[in-house]
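Across the two complexes that follow, subunit A remains constant while its partner is subunit B and subsequently subunit C.
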Partner chain A sequence: MISSILLKEWLKLKYLFAGVLVLNIGVCLKIYFDIRGLILSEHPEMIWYEAIHLHNVFFKDFMFFPLVTGLVLAAAQFVPEIIRRRMRISLHLPLHRDLLILLSVVTGLFFFMVAVGISVVLVYSTMRSWFPLEVSMTVLTTMGPWILAGILGYLGGMAVLLEPLKTRKVFLTIVFSVIISVMYMGVGYGWMSPAMPYLVWLVPLFLFCVFNSGQRFQQRGA
Partner chain B sequence: MNVIEVHNLSHHYNGKTVYQDLSFTVPQGSICGLLGKNGQGKTTLVNILMGFLKPSGGRCLVLGESSHSLSPDVRKRIGLLHEGHQAYEFMTIAQTEKFYRGFYPDWNADIFYSLVNKMGLPHRHKVGSMSCGQRSQVVLGVIMAQNPDLLILDDYSMGLDAGYRRLFLDVLHDFAAMEGKTIFVTSHIVQDLEQLVDTIFFLDQGRITRTGLTEFLGSFKKYVFHSNSQVVPIEDEIIKGVERRRDQFTVYSYRDQDTVTEQLSRQGVEVRDLHRADMTLEDGFIGLMGKY
Partner chain C sequence: MTGTISRLSLLVLAVMAMSYILPAAFDKVVGRTAEEPLLFFSPVLQKFVYQESLGGHRFIHADEDGVHYDRQEFEALLPFLYHRNLEIHDLLPLVIDGQSFDLEEIRAERQAVEIKPRQISVNRQQIELYPLFNNDPAVPMIPFPEDMFRITPNGMEFINADYNRIDSELTRDFTEALKEKGFVFSATVISGNPTNLKPFDEGYFIRDDSGQVFHVKRVMNQPEVVRTGIDPGLDILDMIISENQRKEFYGTVFTTQGEIFLISYDDYQLIRIPVDNFDPQSMDFKLIINPLYRTATISSEQGIYGLAMDREYRGFADFFLERSDLQNGPVSKGRDFFLPFQITLTSDHLDQAKPDIGTGGPWSLVGVFVALAMFTAFHRKWRSRPVSKMDLLVVLLSGFYGLLAVIFISSEH
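Presenting the complex of A and B:
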């Protein structure tokens, strides 16, 4: 049963996942060449000053890519389901609706973490090539809010796509957009680190929005 | 035992009443056809029965459970054909079989492939690049391989040519012959249902009428006559439906020939050569429900 759901999700995701993976790796390569060019053209003191005192994040080009990845994966999984209301097929399967949605979310988030995780490793390796460990480690804390924005974008995308009522779609879009925009409010290395543990624990709550939209999708004519 | 029980069902859509106090039952082992003109709520009723719509009022039980909260165990016993032969178009034939196999303990891959192989397509052929008829075969294969106790088919004939419709009927006949299997079907091709169902539900303006097929075809009658008179028959308690082609009139009634002749004379209609004609289910449907 679970393997059947995983098969279905993989078939929907595979091409767009490959696309976002290439896109993520592409931006990581751009970051590598940008930093390499900077190192070769500037004095080391100047680069140090830019990074530590001016909080210039050398990999900020990556900022919106987790969000794009989350939105693309949500669309890849759920646009085929809502076109001609095909999700009715899955909703009739002998499987609880919330478990069906949860398995879809887990699959989507797995592929999201693979794409974004590879990018984090590549950006960290780039930074580690020229910067000390302490500065390189801030890749994780700096990218944290962006990754969280990607997860929220994924869950928000699913909730909005499944929601049958237009007014609720607009409401959900506004709510998720506001929360996601919070993740991009600050600048600098690890600027949101103190709040991150609390924000991470809040993420499962947003899963209920998806369950709620799924329930409403089913009971309003699916 | 009733497989479907509907009690005092009410449903409203955009302020319009679709049903009010609708009640009917479908006994186990019966083959029921739900007939109604377009827009009378046949698909809405199927959606309510399958839990895809919550009714405004009343109670719907399917295999003993409330239709809007069917458990996975009960859904496992229902084969559902969605309107338009819904299927996952990004899957191939083989992937479709693999996908469904995981959900049904009684899954019979031989039945699935015996139906699908009739098309002569390779198993790696994508469902999305099939014709409507070919896709209907895949969906039929999926439903039959589940070995369900109750089959609900929402307009199975939509988009199918005569060959595929006949193929569907053949499979449904074999299914119906099995012990205790129940079929609840809607179709806009009424004459196909004549070859399949034993019970008919007429859905009209929020009301439902149940009758046996043989009983209906025996009691509802089609009369044909010629007339040059300017007075056209009017529908009333005796005359249930009227059709006209030039000087030939067809009237439908539950009453005998003498009563109908008398009533037409009472209406001032000049009647020539009135006689009872053979009536198909489609004739009866038009006679009872009207053309539009």
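Presenting the complex of A and C:
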């Protein structure tokens, strides 16, 4: 049954996953050509100086793409379930509701990590081509909060979509938006790094919110 | 069980979001931040004078005895700082204590150093790559080098920006020059002024693994290394290098214990600034130099301490200006009442994220109890079922944040 659920999630995700993957790769190519253009047209040492001492993040175009990816994948998985009330049928399967939701989350996050992971490798490779190792390595610390924003956006999007009550949907949207906005604070490479050990704890909290919305969906909507 | 945990998670997230955004929004709307007071030593009065903001572009100007001055009088008490006024009103040369100073002398003897905690290496994010400018007398401006260096356990490595590869020749020359002078790799502190927007370049001061401080410059593309002789036992936290035409000192040294020294051009002798209780990681340091005196000021959350020194950096007068307490007004009490704590990620002292929770004063406790009373009353009036212990705990721990959260996220039965 689990393999059937995973197949169902794949069928829902495949076209939009392909779309966000193309989008992510597209922005990575833009970053590559932008940096190449800068290095070839200006003095490379000045570009290095901008990166290292003025903290100009040359791949900041990527900033909101993990969040968009997360929201699109959440919508791909749950908008059809909500609109056509197909989730009601799934909830009658001999499988615990939370496990059913967890399977959807794991599938969605897997595809999210594939799309974002490919982007991280591409951006890292771009930076490594033109910058020293120290600068390239900051791709991971700088993109970390953006990727976390994508994961929280995915989970938050699911929680909002599953929530049956409109006023509570609005409240959840505000709460999640405020928390996700934190991931975009600060300027420069790895600014958020000291806070990341605390911020990752938001993931289980958001996951439990999805379970809460799932429970309310079953009680009120299913 | 999952239902309880998931609802608690939602309440926790709601309280976190509110305690992050509401205090910040309140401060933005009310505008609680005050400008930093300015403290100077007046060579005319031989006393400290200060300018303090009252908000809304209103200032008071006073001396350490509390005598108030208008702006013109205040500026006249600081002739070296506002020497342009004297120039405009044709009042130069300036005579103080029988000594005469013309415009050139005033300009040549003025210098100001300001170092904030966010400039200290431990308080900022820094990619450990630095440009080492080439000193070439034939070139009037300072051209940017095509490479940057890093200090590794094996040597001083130069990476060429054109090829993104290590420049073996420069690496070998500088590593050998450093080893010849007894440099023990790697480095514990690397300090320089990595900009070409300066009158000249003094290279870098690098503290090696044994505590020795070396002065490293690039002259005509060749290494010039001096073992400074600065006490290796000095627990140097950071050195802030700033080239100035006066050429009295290369920069400022801060130790972990809060001592402040200047590295003089006179054979790298250290000049101690005789201030106590200084914490470079949380306090601002300013040094104002004029033809007669040197004034060091230390700004902390409590106030500003000023020390007036003679030309030999011997202190002879000091003054502590306490900050006006903005925290005790009715607005602040109201803030504490409704917003008992605040989650922050930024700090005035750090150039990177610093997660923190700031709590309010006694009014916050009052607010929590009022929120608790309102919650109980609300339950009695509108809900027939007993009060949820979890909701009660959330309101008890977070006051009005929790009250709002449990209202919006009501439990299902």
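Structure notes:
Please note the rule applied: the second predicted complex is superposed on the first by the 222 of 222 C-alpha atoms of A that agree within 3 Å, B and C clash if a C-alpha of one lies under 4 Å from a C-alpha of the other, contacts with A are read in each partner's own complex, and residues count from 1 in each chain.
Simple rule for what comes next: contacts are C-beta pairs under 8 Å (C-beta built on N, C-alpha and C of every residue); 3 or more make two chains touch, one makes a residue touch a chain.
Just so you know, these numbers come straight off a predicted model, no measurement behind them.
In the superposition on chain A, A:219 makes contact with both subunit B and subunit C. When the two complexes are overlaid on their common chain A, residue A:117 makes contact with neither subunit B nor subunit C. Using the contact criterion defined above for the overlaid structures, shared-chain residue A:12 touches subunit B, although it does not reach subunit C.
In the superposition on chain A, A:80 contacts subunit B only, with no contact to subunit C. In the superposition on chain A, no contact is made by A:26 with either subunit B or subunit C. Contacts of A:37 after superposition: neither subunit B nor subunit C is touched. With both structures placed on the common chain, the touch criterion links A:129 to subunit C but leaves subunit B unconnected.
When the two complexes are overlaid on their common chain A, residue A:4 makes contact with subunit B while staying clear of subunit C. Between subunit B and subunit C, it is C that contacts the larger number of residues in subunit A. Common to the subunit B-facing and subunit C-facing surfaces of subunit A are residues 219. Residue ranges on subunit B touching subunit A, taken from their complex, read 47, 50-54, 68, 72-73, 75-76, 78, 80, 82, 84, 86-91, 95, 98-104. By the touch criterion given at the top, residues 1-4, 7-8, 11-12, 80, 84-86, 88-89, 91-96, 218-222 of subunit A touch subunit B in their complex.
Residues of subunit A touching subunit C in their complex: 43-49, 51-53, 55, 98, 129-132, 134-135, 138, 167-168, 171-172, 174-176, 178-179, 182, 185-186, 188-195, 198, 202, 204-206, 208-212, 215-216, 219.
Listed in rising order, the residues of subunit C touching subunit A in the complex are 2-3, 5-10, 12-14, 16-17, 20-21, 125, 127-129, 131, 144-148, 150, 159, 161-162, 164, 194-195, 345-346, 351-355, 408-409, 412.
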